[in-house]
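The data blocks that follow each hold one structure.
Shared between the two complexes below is subunit A, which has subunit B as its partner in the first and subunit C in the second.
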Partner chain A sequence: MISPLPIEIERPQPVPVPARAARSYWQEAWGRLRQNTIGMIAGGVLVFFVLVAIFAPQLAALITHQDYRTIDLTNPFAAPLSPRHILGTDDLGRDELTRLIWGARVSMGIGFLAVAVSLFIGGTVGLVAGFYGGLIDGLLMRFVDVVLAVPAIFLFILMAILFKPNTITLALIIASVGWGSIARLVRGEVLSVRSRDFMVATAALGARDVRLIFRHLFPNVLHVMIVFGSLYLGQVVLIEAALDFLGLGITPPTPSWGNMLTNAETFFFHSRSLATFPGITIFLTVLAANLFGNAVRDAFDPRLR
Partner chain B sequence: MPETVLEVHDLTTHFSTPEGVVKAVDGVSFSLEAGETLGIVGESGSGKSVTALSVMRLVPRPGKIVKGEVRLKNRELTSVTEAEMEEIRGVSIAMIFQDPMTSLNPVFRVGWQVAEPLFVHQNKDRPSAFVEAEKMLGKVGIPHPKERSRDFPHQFSGGMRQRAMIAMGLTTMPSVLIADEPTTALDVTIQAQILDLLRNVNREFGTATILITHNLGVVAGMCKRVIVMYAGRIVESGPTVDVFAHPKHPYTWALLKSIPRLDADERQPLRPIEGIPPDLIDLPSGCAFHPRCAFKIERCRKDTPSLIRVGDTQMAACWVTQSGTELKDA
Partner chain C sequence: MLLKYVVRRVLATIPVVIGVTLITFSLMHATAQNYIPGVDLNPALKPEDIEAIKRYLGLDKPLYVQYLTWLWSIVHGDFGRSMTDGSTVTSHIFDRLPATLELTVTAILLGIVISIPLGVTGALRRGSKLDHSLTALSVGGFAVPAFWLGLVLILIFSVQFQAWGLPFLPSGGVITPGTQGGDLLDRLVHLVMPATVLAFVYISIWSRFTRSSMLEVLGQDYVRTARAKGMTERRVVYLHALRNAVIPLVTLVGLELPALVSGGLVVEVVFSWPGIGKLLYERAIQTDYTTVLGITTFAALLVIFGNLLADILYAVLDPRIRYA
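Right, the complex of A and B next:
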């Protein structure tokens, strides 16, 4: 015998109106970036190196009690973990850790400066070219083609001969090539945003060109610049280290991760650690920049994942 | 007699393309009186939107106004400088667009965008501009305007976005509002709400409105006067009642025959307009409509008719009706 099933009528619960927080495009992207563990770790590594760069003198004073110029010819090639020298010393007995800490200044300084300058020039050129189109677009983009066609390494050598490379000039030299790619990317994005109705609608309410470009177009293409910027940071650090290594960049006595490798190569058979530590820092920075860049890209465009 | 706010005379806008010159707007003249709603109807590509953009001087490249006058309260708009035009757009004339989904900038809060004309044109400080924007959002029927003005466009529905667009156009109290197919992208119930809103705006603010649409029903419900465009020219104009009851141009006649009516004989099939819209680069000789016209006479192939008075209240550009023939079912 089948007993009748007890029938329970489920009454609909009154739906509470969820408190909606108005989240902007940026907040949404930040929310997605925060979910990305690898991206956040990579970002943390970058922040760490930036802090090291900013507080290099304090850190050196606090941890190693050394100056990067202090030469101690009585104690060259000290092994890592030797007394007073956590990472050992180089051929002139200078403390390796102190020099690495100061080297972060060069890498991070040039890295961020070159990225900022590239974004500024490339972004402006891309916005203007894409917005006005026609002859202005043609001229600017052909100029970009020319810039991108010049072999970069040749330009770097030439510039290194013409100007004495220091942090600022070297950043500008690297940026003088880097802005071309971002100009192209931004222009492409501008072309697609430009054709949307809100640009005409904003023009129809009487906004000037400058307002249209920088107030309305710029925030709509900024994500392209942020993604490019974070990926490009890794490249710049690598380029800068390569130039230092070749002697075309920052030259001793100012320590940089690149020129520390130059020395390390000469004395490779005396001390492997001299090559290892700057190598690790360069590797970590570039890897962190790339992973962080990828995470930022995923955060802005979840479809790409 | 009501004052004329906008007078367009012989407006001609051409697009130079590699394939030839597209005559998008070809000698269009009309006037708009204070407080009235004027309908412009026509199929896609008949030059309705380009007419509106020409009035705003926002014709996209490679389009160019080649001749004609646009007078806004006795100010000639085709010859003022771009800087002066920027002070006219959004102050004296506002425009709202077809697709509310793309007409708002996705990165700014709705309230900010509605307030933007105020800080562009009136140098209002932010807080008071925002308060005014909130008020305006309330007036166009956004519930909880104070909270909703902090929202981003993606949090608004299509109808709400169109309301926001209308609010944006109205903040500066323009004397002319051009609505370019404001309801085309919305579903039917929302269409009715938006049209109601436009009607209220017209009554409350006395804004003269140009309503561009391809929906004859919308025109019938909204506009006292209507202009019918075909291939960049006005083919008929007059009071909506008369134009719809006794069309004086075969195109209007055919257009009315092609839509269902509640009061029509239900056994009679709908009649589409034969043929395809003309190529605007290579227009047919004479009257542009003659290849598709059921009433054509020899003269239609040779000469282009001009828009003259036919009947008591209407104007039509048609040799057949100008010679006194009534348009009747063949």
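Right, the complex of A and C next:
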């Protein structure tokens, strides 16, 4: 028996590929988001406003040393940087900065609550409609058509005069329209995910509908909801401020960025800052929300850049 | 094939119309109940007289009959009566619609006329300082609250300019009070600020959109072919590329058609513009539910039929849609 020749065959050594850590879809998206400087700054601004909203009482006590309700008729229209009033006072001598700080509670509270409720209802409707299809899908989607056919601002005004809203009801009023668009988006995404192999395989293994929907379908459409939610936040802040401005949302004495502007026109010759500060605050918040939303969208779908 | 598509679309619209009218009708019933404008102001009316009036108006009939009667009157263009002064909602709508359309149509046209050149400029000078500042402007413009922009413009161009003794713009209204409104210049002067505010958002969205659409088209083969043939850059950009770049914009502008009636509400209130939006706002403050719901029904039906018309038009223009 002839032993095989002891020839050493020089095999090409595999070129070591630079180790790429196994990262999930979510980690990759987060990585891309973290590299987006503008997006991260915008996110930081949003976090700042959220913190201001949460710690409004402490900020008022420690920094401005004023209560948002304290009326001082001897000192109306104080200029910014005047003693004891960093941003001056309004027509009733109330501290402008304190009121802006408390106003963050209204805008941020309603903003996040309305987005959360819209995502919850719209997400559920979209998942159910897309998953079951047929009659359920038809009925739910026609209902969405109905909700979206009525001009939103008309509905908001109607509900505002019917319910005399507080922070929570106003968020619910805005969400009662906002869920429609997200339901449509989620349903569209579900339709494309539903027929993929992993779904068929899981169903074949005997998974129940609830498990299929929430354990397998939901994580695959979650990114649509996150992107929509972060872009919708700015819109809610704008709508809410407009309703407050019109006197249909949160009304004085509770300060909100919108209702602080209601009388600004009248007092223009007494104080220009009353017309500018709340507007700039709304602008900054919405700008940050939109930029952050764009960054989130780019992080999930880099092709869109 | 086209006919089949049209029939299918019309049939799909019916449940939406029924849904919208059912919702507004139930809201109307819940808010106004069987209230008849004026009966509580007339002391001469006895309870049996009121019963007679209710019978005459059909308010004693079952709800579904009332709904169908109401639907029937809407088909005939009757959107009910105000519960505060008994005036017909339809007459109010026709009083206010021209002003609203004057404002919204101007704003949309302004938006188109300004956003396309801005978008094209951004695309042609991609990455330049000009492009970056246009992008920044559009991102910023989208975040400005319309009511605040209106307020600031009034404070600057009406109030402050007047205080400085400069020529100033009127702060509200369609025409100068006391005039007949025949003066075109007067109307334009009143229109400038509200239309600018309303166009602002359109410009920020559409210019971004034109830019990305233009960039996509400029990268396509037929544009390279056109350049290779020795065509002037001007011809390539404006004759060949732009035409295809604005097609998606048409869809986007079409999506704004529902806003023709409702989109200007906040701006109308800020500028005391006597349109549909301001009418709805005024009536809402007076808790005149029947008028508010009448206008809402009108606007919703307009949106539904607008969408239907747009879909059919698309199908006529683009045969691919019919077969989808």
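Operating definition for what follows: the second predicted complex is superposed on the first by the 284 of 305 C-alpha atoms of A that agree within 3 Å, B and C clash if a C-alpha of one lies under 4 Å from a C-alpha of the other, contacts with A are read in each partner's own complex, and residues count from 1 in each chain.
Assume contacts are C-beta pairs under 8 Å (C-beta built on N, C-alpha and C of every residue); 3 or more make two chains touch, one makes a residue touch a chain.
This structure is a prediction, so every number in the text was calculated from the model and none was measured.
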| item | value |
| --- | --- |
| Simultaneous placement of subunit C and subunit B on subunit A, clash or fit | fit |
| First, second, both or neither for A:Gly134, with subunit B first and subunit C second | first |
| Which of subunit B and subunit C A:Phe283 touches, first, second, both or neither | second |
| Subunit B versus subunit C as contact partner of A:Pro219, first or second or both or neither | first |
| Partner chain in contact with A:Gly206 - subunit B first, subunit C second, else both or neither | first |
| Between subunit B and subunit C, more extensive residue contact with subunit A | C |
| Subunit B versus subunit C as contact partner of A:Leu248, first or second or both or neither | second |
| Partner chain(s) touched by A:Ile153 [first = subunit B, second = subunit C, both, neither] | second |
| Gap in Å between nearest CA atoms once subunit C and subunit B share a frame through chain A | 14 |
| On subunit A, the residue positions that both subunit B and subunit C contact, one per complex | none |
| Residues on subunit B engaged by subunit A in the complex (per definition of touch) | 53, 56, 58, 60-61, 86-91, 94-99, 102-109, 116-117, 120-121, 150-152, 155, 165, 168-169, 172 |
| Residues of subunit A touching subunit C in the complex | 142-143, 145-146, 149-155, 157-158, 160-162, 234, 238, 241-242, 245-248, 261, 264-265, 268-269, 272, 275-276, 278-279, 282-283, 286-287, 290-291, 294 |
| For the subunit A and subunit B complex, residues of the former touching the latter | 20, 22-26, 133-134, 196-198, 200-208, 211, 216, 219-220 |
| Residue numbers on subunit C that touch subunit A, as the complex places them | 15-16, 19-20, 23-24, 27, 31, 139-140, 142-148, 151-152, 154-155, 159, 163, 258, 261-262, 265-266, 269, 277, 280-281, 284-285, 287, 289, 292-293, 295-296, 299-300, 303-304, 307 |
